[in-house]
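Look at the two complexes coming up: subunit A is in both, with subunit B in one and subunit C in the other.
And now, the complex of A and B:
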């Protein structure tokens, strides 16, 4: 493991050197406690202490609208070309929950048949993580899913040590950049400070719901037909906010568009939500998840049951966005507590 | 990794024949530029109409038929209604084939009972014709067919031929008919008790609308056919075909994407689903 040190007053130089090479995005404040990932030119625009952004960095990996195919109908027979619009972007200040989210998406889109658009886009992104020394707010449940500590998935990873950042270098790409700006190597005192910080974190970051995470999948097996889903369903407005802001939700729709010349057009992949009423409807009119309770249950199973069966990991990163954004006050931590309670019977 | 090999690229084909089978169902025969689709019975393709959209359609022909494949399309939505306007000679764009096929290899050596309701005959026909072309590999074959009325019956010429074969037991029924209809009238479930079968060595393959499954399966279980010998093909809206977009995921405690883990399932795999 390789570590470097960056004095805090040097952060601006760091961001400016990075911005000379590529577009830099980082958490910026939008007021009222809201933050978004947006383009920055200097460090003073960045909010280093931020509550998870409205949308996770998945928007750079899987844009809300993404062109997958161009077609041309002007000739005798239509022609298609694969579309891909790439931009080199450095994403600065990604919390460990969102790093875990990106890892989940990587697994899904790398599964055959692979998604070339996602995988090629990912290669253009330079990821710089940022450790949380304390909780962002009461909605987070990162310790439950063990995403409060870095588990890879970044090029560089920043830890705030008060007057300086300790930078963990994880890839050659990260190494090349750190070398290009001559960052000093970490000294033993820096490593001791990191160890001390992690020890402190153990006291702060505790399993948020007092439920053994290993048992959640089998608990869910027991409560599939429980009334608790109806209770959640009664609150739900089917707005799809919870899935849009989720760092591991990737369901999508495909739409065709014709340009104004009426000769050319394109196919778009757009974000979709399993919470929308018609998501599982077929052309004949049959809706296979017609009830809000079924759709909410589906969402929870897609986070804590299905991906465990398939990829041996939760697709919840504990970021808390779904609960934070829910207009009806549906709280994931409360749902999990109820699941644990119900599964006892 | 070259984006030109993206799985969203289409395969180019031409409609070499088409026929309006009923007011709502049209049949197409398609030849791809690269000749073979290379599918197995029970799989589906995505049909793309540039500028309109894409729809998943079951392949209704057997892979034993070379050089072209066939689709039967019900005008049920925006894309399929537009598709009905296509004629012989028109260009068509395809992705696929996708999906887990019928378990043909495990069925070899067993008796087969086919139960099709309405448009369910389309995906089932890919298997029935496969079995006809490899008739020696299988035991006794029974085909039960149900449709709304005699004029809604699809592939009637072909069905007539199945009915005449000595190595196939064929029966059909309609929900309602004019007085001149000489065949059975009633639900398809009424045909099942009369089938003579050895449950341990019979595979029942059932394809039809969701409402049909519950009642047909109940009859088959009464005949003691094991749950893992009952094979279904489920309908969902597969938008990508690659196990990603999420639309076709079955409402079930287990993780099933209809497009990848299905569309064919054995009854024991999916019996916990509220709606099949």
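And now, the complex of A and C:
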């Protein structure tokens, strides 16, 4: 493990050097307690102490609107050409919950048939993590799913040690960059400070719902027909906010658009949501999840049950976005507590 | 078979307005470069706001703005429908009844007296109707005013003879992707959660709240509305008024059908 040190007053130099090489995005404030990842040119634009952004950094991995191909219908046979827009971007200040989210997406899009648009785009992204020394707010449940600590998935990882950042170098790309700007190597005192911080974090970060995470999948097995889903469904607006802001939701829709010549066109991939009324509607009008309760239940199973069976990991990173963004006040932690309670019977 | 050269005649398209502010026509006139591209595909044969010519044959596409608010208008829209292969309703007035529907909150006689004074019987008036409450509508372009990119999309569908489906998800779905600060976080009442998307959250993107001008989604969350009214301590009446601003005409017809 390689560690380097960056004095805090040098952060601006760091960002500027990075910005010379590629576009740099980082959390910036939108007011009213909202943050977004957006382009920055200097460190003073960055909100280092931020509550998870409205959309997770997944928007750089799978853009909200992505052109997949161009087509031409003017000839005898229709023609199409695959489209791929790539941009080199450094994403600075990614919390550990969002790093876990990216790892989940990597697993999904690496499954066959592989998603080359995703995989090729990912190669262009330079990920710089940032450790949370304390909770962002009461919606987070990162300790439950063990994403309050770094578990890889970054090029560089920053830990705030007061007057300086300790930087963990995790990839060759990361190493090349820190060497290009001559960052000093970490000394034993820096490593001691890191250990001390992690010890301190153990006191702060505790299982947020007091339920053994290993037991959640089997608890969900027991409560499939519980009334609790109807309660959640009654509240739900089906606005799709919870899935749009989720760092691991990856469902998408494909739609073709024709240009004004009515001969050529393009295919767009856009984010979709299992919460929309239309999502599980098929030809003939049948809807496999016509009730809001079914759709909300599906969302929870999609985070804590199905991916455990398939990939052996939760697809919830504890970022708290779904609860934070819900106008109706649907709270994931509350749902899980109720699941635990109901499954006792 | 000999390769006969097809005589390409561009579809004849006419724009008509009923009770409205003609703001949607302005949106068409302001399409800019896109308008020039469109004019390469269609023959505009009537468009009161931009030309004085009239057309006495059938229309391939009639594009209707405004709501139906008197008997003369009712007859006129029926005649237009009879002469049109495809009819597009555009703008909230045409698709929902729109702001003109606010009239329906009052007794017709009363509101006529209020507006026209004691000579009100000289001025014909009836309950405000959306175009589809009088004649069949093939395509809808919702919004007050219409959102230009959607209008162009609908026209392309109409020209290709394929259906256009209006998104049946709330405005939030688009608003969230635009990473707007939620209006409820700002303490502002917003109708986005119940209003159909398709405008790319045009108003919230520009710092405004959603007025519900595109009409409600097919299955609006009524229970959740009550919860939200309670959670954010909103005035239920105010909320109802906000919904009625654009959606009153539709509500009346739905009730009368029952």
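Definition applied: the second predicted complex is superposed on the first by the 345 of 345 C-alpha atoms of A that agree within 3 Å, B and C clash if a C-alpha of one lies under 4 Å from a C-alpha of the other, contacts with A are read in each partner's own complex, and residues count from 1 in each chain.
The rule is simple: a residue touches a chain if its C-beta (ideal position, glycine included) is under 8 Å from a C-beta of that chain, and two chains touch if they have at least 3 such contacts.
Please read all numbers here as calculations on a predicted model, not as lab measurements.
*Asks:* For the three-chain model obtained by superposing on subunit A, do subunit B and subunit C clash or fit?
*Replies:* fit
*Asks:* Which of the two partners, first being subunit B and second being subunit C, lies in contact with A:244: first, second, both, or neither?
*Replies:* second
*Asks:* Who does A:317 touch here: subunit B (first), subunit C (second), both, or neither?
*Replies:* It touches nothing on subunit B or subunit C.
*Asks:* Once both structures sit on top of one another, what is the angle subunit B-subunit A-subunit C taken between CA centres, to the nearest 10 degrees?
*Replies:* 70
*Asks:* So, A:343: does it touch subunit B (first), subunit C (second), both, or neither?
*Replies:* After superposition on chain A, A:343 lies in contact with neither partner.
*Asks:* Quick check on the superposed pair: does A:117 touch subunit B, subunit C, both, or neither? Answer first, second, both or neither.
*Replies:* first
*Asks:* Considering only the touch criterion stated at the top, classify A:236 as touching first (subunit B), second (subunit C), both, or neither.
*Replies:* second
*Asks:* Looking at the overlay, what does A:33 touch: subunit B (first), subunit C (second), both, or neither?
*Replies:* Touch partner of A:33: subunit C, not subunit B.
*Asks:* Please work out whether A:258 is in contact with subunit B alone, subunit C alone, both, or neither, and reply first, second, both or neither.
*Replies:* The answer is both, since A:258 touches subunit B and subunit C.
*Asks:* Give the label of whichever partner, subunit B or subunit C, reaches more residues of subunit A.
*Replies:* The partner that reaches more residues of subunit A in the superposed model: B.
*Asks:* Please give the nearest C-alpha separation between subunit B and subunit C in the three-chain superposition, to the whole Å.
*Replies:* Least C-alpha distance after superposition: 6 Å.
*Asks:* Which residues of subunit A are in contact with subunit B in one complex and with subunit C in the other?
*Replies:* After superposing on chain A, subunit A residues 257-258 contact both subunit B and subunit C.
*Asks:* Name, in rising order, each residue of subunit A that touches subunit C in their complex.
*Replies:* 30-34, 36, 53-55, 64, 234-241, 244-245, 257-258, 260-262, 271, 273, 276-278, 292, 325, 327-329
*Asks:* In the complex formed with subunit B, which residues of subunit A make contact?
*Replies:* 68-69, 71, 73, 77-78, 80-82, 84, 108-109, 111, 113-117, 119-120, 220-221, 224, 250-258, 265, 267, 272, 274, 279-284, 286, 288-289, 294, 298, 301, 305-307, 309-310
*Asks:* Could you please specify the touching residues of subunit C with respect to subunit A in the complex?
*Replies:* So the residues of subunit C touching subunit A come out as 34, 37-38, 40-41, 152-153, 156, 159-160, 168-170, 172-173, 176-177, 179, 181-182, 184-186, 192-194, 217-219, 221, 223-224, 227-228, 231.
*Asks:* Help me check something: in the complex, which residues belonging to subunit B touch subunit A?
*Replies:* Interface residues on subunit B, with respect to subunit A: 1-10, 12, 48-55, 74, 76-77, 80, 91, 93, 209-210, 235-237, 239-240, 242-251, 253-255, 272, 274-275.
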